[in-house]
Amino acid sequence: MDIATVSGIIVAYALVIGSLVIGAGLGTYIDIPSVMIVVGGTIGIVLVNFPLSNVLGAMGPLLKAFLYKSTDLNGIVDTLVKYAVKARRDGILALETAVDEVSEPLMKTGLQMVVDGEEPNLVRGILETDLDNREERHKIGVAIFESIGAYAPAMGMIGTLIGLVAMLKTMNDPSTIGPSMATALITTFYGAIISNMFALPIAGKLSLRASEESMAGQLIIDGIMSIQSGDNPRMMEQKLQAFIAPKKRVSQFNK
Amino acid sequence: MDIATVSGIIVAYALVIGSLVIGAGLGTYIDIPSVMIVVGGTIGIVLVNFPLSNVLGAMGPLLKAFLYKSTDLNGIVDTLVKYAVKARRDGILALETAVDEVSEPLMKTGLQMVVDGEEPNLVRGILETDLDNREERHKIGVAIFESIGAYAPAMGMIGTLIGLVAMLKTMNDPSTIGPSMATALITTFYGAIISNMFALPIAGKLSLRASEESMAGQLIIDGIMSIQSGDNPRMMEQKLQAFIAPKKRVSQFNK
Amino acid sequence: MDIATVSGIIVAYALVIGSLVIGAGLGTYIDIPSVMIVVGGTIGIVLVNFPLSNVLGAMGPLLKAFLYKSTDLNGIVDTLVKYAVKARRDGILALETAVDEVSEPLMKTGLQMVVDGEEPNLVRGILETDLDNREERHKIGVAIFESIGAYAPAMGMIGTLIGLVAMLKTMNDPSTIGPSMATALITTFYGAIISNMFALPIAGKLSLRASEESMAGQLIIDGIMSIQSGDNPRMMEQKLQAFIAPKKRVSQFNK
Amino acid sequence: MDIATVSGIIVAYALVIGSLVIGAGLGTYIDIPSVMIVVGGTIGIVLVNFPLSNVLGAMGPLLKAFLYKSTDLNGIVDTLVKYAVKARRDGILALETAVDEVSEPLMKTGLQMVVDGEEPNLVRGILETDLDNREERHKIGVAIFESIGAYAPAMGMIGTLIGLVAMLKTMNDPSTIGPSMATALITTFYGAIISNMFALPIAGKLSLRASEESMAGQLIIDGIMSIQSGDNPRMMEQKLQAFIAPKKRVSQFNK
Amino acid sequence: MDIATVSGIIVAYALVIGSLVIGAGLGTYIDIPSVMIVVGGTIGIVLVNFPLSNVLGAMGPLLKAFLYKSTDLNGIVDTLVKYAVKARRDGILALETAVDEVSEPLMKTGLQMVVDGEEPNLVRGILETDLDNREERHKIGVAIFESIGAYAPAMGMIGTLIGLVAMLKTMNDPSTIGPSMATALITTFYGAIISNMFALPIAGKLSLRASEESMAGQLIIDGIMSIQSGDNPRMMEQKLQAFIAPKKRVSQFNK
C-alpha cells in the first residue's frame, strides 16, 4: 500500500470537508439532485465514449493506483542475470524450470520462446508487439480517467446553467435569489471536485505506472535477448542497469 | 448493439431532462430561435470546415458508434491461421476459395495478391498504404465530431452575446432583466449539451474504434505476410497473438 | 464551386443576422469603432506575426476554400497508368509529349526528370523535397487563419475591457450602464464571429485540402517511380489505388 | 526593414490608443502601480523561468523580427552552384578563397571542411549537429516570448484579484465601487495588450524565421554535400531548387 | 548562484507584496483557512498523482533551479579532447587514471567501459539507455511542478466556490456580502500566485536544464565514441564543437 497516496487523499479531502463545515455547514453543500446530474451524467457520457468492457477493465488499475508499489527494476535485473548465469552453465534448456517460476507474463513468454529455440528476430518481434499492445491498453485506462476529468466539470456547468435559467425566469422575490444561485453553483463545485481531486490525479498516477512498466518491459526484452545470444552475464548486468538511476544500481557481482 | 452506449446516453439524458422538469419546467428550456442559431449555425460552420462528402460520410460511423461491436481479434487470428494451414497443406493457390469467403477488405486484397503471386515487398507496401489511408479517413470522421464539439459552444456563446446586448440596450423595466438573461443563457446551455453530451463522446468512441481497426489491420498484414512466406502456423499464431491481451488469447492448437 | 461551403456560410450567417434583427434590431449590433478595433487590430497583429508576402499569399487559398473541388485521385491514377503503358510500349522518351500536356507541377517535374534519364534516387529525392516544401507553405496558410482565429477574440476582449473601464469610471447615471455595457460587449461579439464563423472553419478547410494534396503528391511520386522502374501497369494501378477508398476505386483494366 | 510589420504594429496600436482617447480619455487607462505589477512581475517571472543569458540573447531576435528580411533562397542556391562550377573546373582547393568570401556560418564551416578534405560522413554529421543546435537556440528565443505571452495575462489577473479583494473588503460608499473596479480591471487590460499585441506575434514571427533558416540550413547542407561529391552543377541546382516554391525558382543555366 | 533567478523572484514578489500593502493592507490578504485549503489540498493531490519518492526527489532539482549554473559545454569538450590526446599518445589503458578524476557519471561510465575494452556498439547502447532514462527522470521532476501549476488554481477555484455558496445561502445582511466575497476570492488569488509565480517558472527552468544536460550527454557520448575509435583529436574537437553556439567555441588547438 502506498502510504503517500492514501495520506494525500485523506489530507486533501479533510481540508475541503473542514472548509465546508466552517463555510456554511456540511449540509449546505449536499444536494442529491446535483449529485445525480454530475455523477450520473458523467458516468452516462463515459459509457458513450468508451465500450463497457474498457470501463470495467479500468477498475483494476484504479485499485492499483492506491496500492501502488514502484516496480523493482533491480529485482528484475537480478532475476534475468541469474537466468543468464544458469543458461551459460547448464545450457538454454535448463531455463525450462525458470519458465514455471516466473510470473511476469512478458518474461515468461520470452523465456519460453528462448527455451523453444525460436529465432531471435521472431522472439524480439513478438515481445515488442506484446509490449506495444500492453501500452495501448494502459493508455485507454488513463484516457477513461482523463475523460472523467473533462466531462465532470462540463456536467457541473450544465447543471449550473439549468439552475441559473430557472432562477432568472422566476426572479420575483429577491430574497430567494441568493439560495437559488448557491444551489446552481453546487454542480460546478461537484464537477471541480470530481475532476481535480479524483479523476485527474488518478489518471496521472496510472500514466506514471504505465511508463514505469513500459521501461521494465523494455529492460526485460533486452535481458531475454542477451540470454538468448549468450552474452557474458556481467556485461549483461551492466547493460540492463543503464535503465536504473545510478544511485540505485546494485550489482550481483560486486557484492 | 452496444447496450452500454445506449444505456449511457439514456441515463445521462434522463437525468438532465429530469433536472429541467424539476428546475423550471421543460418548456422554460425550449426556445426555437435558440435551437436554430446553435444547431443551424453549427451545421453551417461544419459545412464550411469540411467538404459535404466527408460530412455525409460521417453519418455511417455515427451509427456504428451506437451499434459498436468490439473487433474480434481472436477470430481474425483463427481465420488467418486456418488459411496458413491450408496454404501449407494444399499450396498457395488453394487460397483462391478463401478470397471469396473473406469479407474484410484488407484481408481480401492481401489474400488475392498472395494467390496472384505478387512480390512480398509489393504486397506489404500496398496493404500498408491501404491501411494508412483508411486511418486518414477515420481521422476525418473523428475531426468532424470534434469540430461540432468546438463550434457548438462557440455558437452558444455568440447567441448569448446577442441576447445580452439586446437586454442591456433596452434595460428599462427591471422585471424583464431576469427572463431576458435566462433566454440569453439558453444558447450557452444548448452549446454545452451538444458538445459534451453528443459530439465529444461520439468523437471519442469513433477514435477508439479507429485505433482498434488499425491494430486489427496491422495484425492482418502481419498474418498475410506470414502466410506468403510459409511460416509455421503454430509460430504464426504465437506471433499474431502478441496483439491480443494475454488473458484473452485462445490458441487453436492447445485446444 | 463547392455548393456546401457556400450554403453552409449562407445558412450560418442568415441565422445569426436573423437573431440580430429579432434581438434588438440590426443597427444595435453595428458599431464602427468596435469594427475598427477588432478588424483593424487583428489585421495589424497578423502583419506583425507573418511577413506581408505570406499574408498576401494566403488570399489565393482563401478563394480555393470556397471554390473547393475534391482532388480527383482516380483521374491522377488513370493519367499515371496511361503514361506507364505508353512508356512500356514506346519507350521512356515517348513521355516527352506527356511532359507538355501535364499541368500538375509535381508530375511535370517528375516526368521531365524521368525523360531526362536522371537517376531514380535523385528523382525521388527531388520530388520528396518539393512535396515537403509545398506542405510547409500550406501550413503557413493554415497558420495565418488560425492566428486570425486566436487574435480576433483577443482584440474583442481588449475592446470590451476598454469599454468596461470607461463605463465603470464614469458610473453616475445608472440608466446609462446598460447601453454602455452593451457597446463594450459588441467587440467580444465581433471577435467571436470572426474567429468561429470565418477564420477557424477556413483554416480547417485549408488544412484538409493540404492533406489531400499531400496524399495526391505521395501518389504521384510513387507513380513516377513506378514508371521509371518500368513496373507492370496493372500492378502499378493496384499499388496506386491503395491510396483511394476501396469503394471509389475504378480500374482502367477491368472496365 | 519589413514595412508590413512596422505598419501592422502602428495600425494596431493607433486603433487601440484611439479607442482609449474616445473611451474615457487616455489618462484613465494609465496607472503606474498597475504597469509595475504587470510589467515588473512578468519580467521577474521570466527571469526565474529562463537563465539571464538566454533572456539577453533574445533581444537580438526581437530586433530581427522588426527588421525581418525573408531569406533569399535563390541567392543561396546561386552561390552554392557557383562554387560547384568552380570546384569542378579548378579543383576542390580552389574553394579556399570562397571560404573567406562567405559570411553564413554554416556554409563557411562546410566549405572549410570540404577544402580540408574531411570525410563526407563527418562533414554531414558536423553540419547537421550544428544546424540542430542552432534550431534548439532559436526555440528558446521563441519560448521566451511565448512565456511572456502566458505570464503577462496571469500577472494581469493577479493584479485584478488584488484590486477586487481590496474593493470588496471596504465597500462602504457605493459611488467608489465603479472607479475601484475600473482600476482593478486595468491590470487585466495591460496583460491582454502585452500578450496579444506584443509577445505572441513576436513569438510567431521568430518561429517562422527559425523554420525558414532551418530550411535554408538544410539546403546549404545538401549543397555542400553535392559540391564535395562532385555532382553535376545543373543537376545540383535542380536538386536545391526543390526547396523553393516553383514560381520563385530562377535558374542560372536557363538565363 | 544564479543572480537573475534570485533577483527575478525578489522583484516579482516585492511588486506583488507592495500592491497588497497599497491595496487594502497586507493583513487583508492573509487568511489561514484559505492557505490551508490551497496549499494543503494541492500537496495532497500531488501525492495522489505522484509516488512519494518522486515528490521528495523533486526537492533537489528545486534547489538547482535557484543555484542554476549553465552547463560548461566548452569545459566538457576540453576534457574529452584532453583524454583523446592522452589515449592516442599513451594508449587506451592510460585513461584508467582519468576514470578516477571524472565526476560526471555518464563520462565516468563511458571511460570505464572504454578502458575495459568493451565493444563500441555495447558502449554506445549502454550510454544511450543511461541518458534516455536520465531524461525520463528529469521529465518527472518537471511534471511535478507543472501539476502543482495546474492543481493549485483548481484548489483555488474550489475554495472560492465553497465561499460563494456559503455567502449566497446566508445573504441576509447586504453589508456582509462584500467582505465575504473578498474572502472567497482569496483562494483564487493564492492559486494564481502559486501557479504563476512559483510552480510554472520552476517547471520551465527545470525543463531547460534537462534539455541542456541532455545535449551535454549527447556530446559526451559522441566524445567517448571518438576516443574509443581513436579519432584525430583536432577533428574530434571540431565534431564536438558543433554542439556549441559558433560564438562561444574555444579551440584548444588554435590558442
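Per-chain residue numbering starts at 1, and chain names A, B, C, D and E are given in the order in which the chains are listed.
Throughout what follows, a contact is a pair of C-beta atoms (placed from the backbone, for glycine too) under 8 Å apart; a residue touches a chain by one contact, two chains touch by 3 or more.
Predicted model only: the values in this text are computed from it and were never measured.
Novice: Which chains contact both subunit A and subunit D?
Specialist: Touching subunit A and subunit D alike, sorted by label: E.
Novice: Regarding the subunit A and subunit B pair, does the interface count as same (over half of residue numbers shared) or different (under half shared)?
Specialist: Different: when the shared numbers are divided by all numbers used, the fraction is under half.
Novice: After a C-alpha superposition of subunit B on subunit E, what does the rotation angle come to, in degrees rounded to the nearest 5?
Specialist: 145
Novice: Which whole number of Å gives the spacing of the CA centres of subunit C and subunit E?
Specialist: Using C-alpha averages as centres, the distance is 40 Å.
Novice: Using mean CA coordinates as chain centres, what's the gap between subunit D and subunit E in Å?
Specialist: 25
Novice: Among all residues of subunit A, which ones touch two or more of the remaining chains?
Specialist: Answer for subunit A, listing residues that touch two or more other chains: there are none.
Novice: What is the sequence of chains around the ring when one begins at subunit B and proceeds first to subunit C?
Specialist: So the chains, read around the ring from subunit B toward subunit C, go B, C, D, E, A.
Novice: Over in the complex, which subunit D residues touch subunit C? Could you list them?
Specialist: Going by the criterion above, the answer is residues 2-5, 7-13, 15-16, 18-20, 22-24, 28-29, 65, 68, 70, 177-179, 181-182, 185-186, 188-189, 192-193, 195-197, 200-202, 204-205, 208, 211, 215, 235, 238-239, 242-246.
Novice: If you look only at subunit B, which of its residues touch subunit C in the complex?
Specialist: Touching subunit C: residues 33, 36-37, 40-41, 43-55, 105, 113, 118, 122, 125-127, 129-130, 133-134, 136-137, 140, 143, 147, 150-151, 154-155, 157-159, 161-171 of subunit B.
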